[in-house]
Amino acid sequence: MNNDISAPQVETDVLTAMRRPGPAWLTGLGLAGLLFAGGLALWAYQIMHGMGVAGITHPVGWGVYITDFVFWVGIAHSGTLISAVLFIFRARFRTSFNRAAEAMTIFALMVAGLFPLIHLGRVWRFYYLFPYPNQRQLWVNFRSPLIWDVFAVSTYFLVSLVFFYVGLMPDLAIAARHRSGRAGKLYRILSLGWTGNLRQWRHYGRLYMFLAAFATPLVASVHSIVSWDFAVSIIPGWHTTIFAPYFVAGAIFSGTAMVLTLVIPMRRVLNLQEHIPIDHIEAIAKILLLTSLIVGFSYVIEHGMAFYGENLFEMEQFRFRALGHYSLLFWIMIMCNAVLPLLLFIRRLRRSLAFLFVLSLLVNVGMWLERFVIVVCSLARDFDPYNWGNYLPSPVECGITLGSFGLFFAAFLVFVKTLPVLSITELKER
Amino acid sequence: MPRQLYFDTPDAFLEELRAQLNAGIPRRRLRARLPFHLHEAEELLIGRPSRLRYFALGGGLAGFGGGFLLAMLTSVDWPIVTGGKPIVSVPPFLLIGYLLTILIGSLSCFAGFLWLSRLPDPGPLVSDDPFDPRFVLTINDEEAS
Amino acid sequence: MTSMVLNKSGIYALLVISALLIGLTEFGLSGKPGSLLLTLLFWSCIAQGCIALAAACELVNARWIASLRRELLSLYPLLLLLPLLFLFLWPQLDLYPWTDHPTLWLNRPFFMLRNLAILLAVFLAGRHLAKRSLDGQTTGPAAVIYLLLFVTSQTLAAFDWVMSLVWPWISTLLGAYFFTEALYAATAASGLLMVLYFQGKTRDTSLAVGNHLRDIGLLMFGFSVLWTGLFFAQFLLLWYGNLPEEVGYILDIISNSPGRELAWLFPLALFLAPFILLLGAPVKQSRHMIAAVSCTVLGGLFIERLCLVMPTVPLHAGALLFYNLLLIAVALLMLHSSMHVSASAD
């Protein structure tokens, strides 16, 4: 693909991207840090004053925090898709994105993992979630989907971290060669003394394949398990068998959009146009289109099936989503997730960076709203009309949500300047 | 004295490697360093697959059994009926087993990799031996090997 | 054997004759309508799936398909058999409980019309794709159109043909489950084709063919895991919800004798057998092992479909056997003809 770029050129191009934090980077980091600090302060406020400061109450006990959790876990998915699944399918365009996407996975999971704790209220009791022998002689309830979540998300995080680190090892050794002083030493230590002898490489090759093979089912299962938090209940709108693949497709959809949101500016600011060719971005756009079609298919099935049977509660739930209190959010979601991405059938738009960037932002908005609509609408209108009520997020919830974006972008900005944003070794191999 | 040959391209490196092997130099006297993995080099110099797969298999099986047993035994230890489901509910416990298959499988693979490739290796850190961007073929003397 | 080679009109004539044979048997002999429905369910899965697999591979430029593309695509006339057979369902619609109280979506004319229309559309799109691909023209748009129609058709098959047998039982995933199964069936069929086709053509297992064989094995392995995921996603939710209207149908399947055993058999054939057998590398290199696994998978799919229709529809075993043997013969004959055609074209 990029055979015209010599190996030393690849190294210097990617490594110079790590140097010289410019004013744009500093401003970005400052803004993101500020948002994050605001979010932290609001969380502290919530811990001090109790869950009353959040808008969640009877009957809508799951609100923005759970929406955020589902959203961020979803964002993580495309990182694994790009790094593991595309590796197994031997898709060459993955090398342009895998490092950034894997980093995104890690950061998104870190952010996602915070939300159950924020939602928990008494956050200092979080360790009750883990099965360990304790004085109370209690064990966790393995029949509860919330415990599956603990296992799924922590497994996902650890496996992604190992995968990310293993991919980095040779590149850290390269970075060490280009850096002098303490930074160089640190990179060298982090590379575990990698010298690239044949013994290392041959086990490394197998390891990478095995990790990809282990991570591939995770792409499909983690968000399935998240979807079962909802679907194993019998609440109308939640109890439906399509939830697992529907959530997985949505996760990859939103994650792919986030990859575009991050990579398009990164490519420009760090001058990596040569290493991330437009053809590869087009391939990512195709994934976006495919997952958008699956998500649209799920919308049609979900709504069609509600009126296929004779279940009044299901019918009312889906009527409420489309025409009720939250209908505006519902229609924005339909536009952003199922209608606008259809424009990607046009080749010229698939290759227009400006269009892709705007679309990726809209998709993220749409996917956040999708989770909100799913979580909130079903709780707001369940079986008994006496048990109905609408929900409005409180400023604390909105602030913590913004703070989570701050944390995510701050982490990504730090990543961009501390680690090679492209896999140098794989670029050379390409 | 060991001889060191440097190459910029994989083709030149492999050609030289083949030439050396054809000239009757035994495999054990040849050492290679590569900027990225070459399966051909592995086949020429070692010729048997990595043993990492046993770590993957062992870790996966241990994870599955361990996860399922963890869920089952803790449920039996504290038998409380929730949601009208049996104490030993196989479908959700299979899920725990499945997740731990992946977790323990990957971690044991990683540990196995570190063990098999002798990492972390303090040698290069102390002697300041960098990761070379070129292909290096080292031909050792008979007695050195 | 050259006398058995058919040209295009011969193939279509054969299809019409076999459809008529099946129709005559259905109304003359069997009197039990399930055999036709089951045959349709099984063969729509294989026929539509094979073309869909070829289309998907063309879209992503998958290389392994190169050696099988012609064979898979040459099965496209089978797609015409589906609407022909579907016509014979018309007098049998009393099978469906909703015929007593038709709704806006489920009523006789609309049911027949939409299914016939989509089956015909799939045939036309498949033919278009196959022609373009075999002529070496660009296939991108044709493949996309075919895949969209394929997904719609399999979804309709799941919801209309199967799910409405037990109306108002609902599983929203069933549509996606069906089209995944169709692709799974097509992969298994490719495994069989690999044996049939490459035994004669290349005696020496060249590297490329070996790789393609391994890729098919890998794909089948992947599909076995994916299938399990989709199966489990439905099973888990029904098991957890434990609502009478949802588990009633499942209980009907598993509480009487053949269903009880068969319901264990198909997860073994569709998940455990391929998963364990294909885990090792050497199996994926062996043509015969791949073929054995493929047969297991196709058998598993047949049993699964059998389980789905068994509680509500009376089956005639003899008729079922006859239909399927007939269709296998037709498919083989078509393949044989296409091999001859493509070989002479080379």
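Residue numbering begins at 1 within each chain, and the chains themselves are lettered A, B and C in the order written.
Keep this in mind: a residue touches a chain if its C-beta (ideal position, glycine included) is under 8 Å from a C-beta of that chain, and two chains touch if they have at least 3 such contacts.
These numbers come from a predicted model, not from an experiment.
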Exercise. By CA centroids, point me to the most central chain in this structure.
Key: A
Practice problem: Using the touch rule from the top, point out the two chains with the most contacting C-beta pairs. | Solution: A-B
Self-check item: Computed distance of Cα centres, subunit C from subunit A, in Å
Solution: 35
Quiz item: Just how far, in Å, is the C-alpha centre of subunit B from the one of subunit A?
Solution: 28
Quiz item: Counting in whole Å, what is the centre-to-centre distance of subunit B and subunit C, each centre being its mean C-alpha position?
Solution: 40
Exercise. Pull out every residue in subunit C that's touching 2 or more other chains.
Key: 236, 240
Quiz item: What parts of subunit B, by residue number, touch at least two of the other chains?
Solution: 83, 85, 92, 95
Quiz prompt | Residues within subunit A bordering two or more other chains | solution = 217, 221
Exercise. Using the touch rule from the top, collect the residues of subunit B that touch subunit A in their complex.
Key: 8, 31-39, 41-42, 45-46, 49-50, 52-53, 56, 60, 67, 70-71, 74-75, 77-78, 80, 82-83, 85, 89, 92-93, 95-96, 98-100, 102-103, 105-107, 109-110, 112-114, 116-125, 129-133
Quiz item: Which subunit A residues qualify as touching subunit C in the complex?
Solution: 89, 91, 216-217, 220-221, 224, 228, 231-232, 234, 239-245, 297, 301-302, 305, 307-311
Quiz prompt | Residue numbers on subunit B that touch subunit C, as the complex places them | solution = 83-85, 91-92, 95
Exercise. Over in the complex, which subunit C residues touch subunit B? Could you list them?
Key: 232, 235-236, 239-240, 242
Quiz prompt | Complex contacts: residues of subunit A adjacent to subunit B | solution = 7-8, 11, 131, 137-145, 148, 151-152, 154-155, 158-159, 162-163, 166, 170, 173-174, 176-177, 188-189, 191-207, 210-211, 213-215, 217-218, 221, 225, 425-426, 428-429
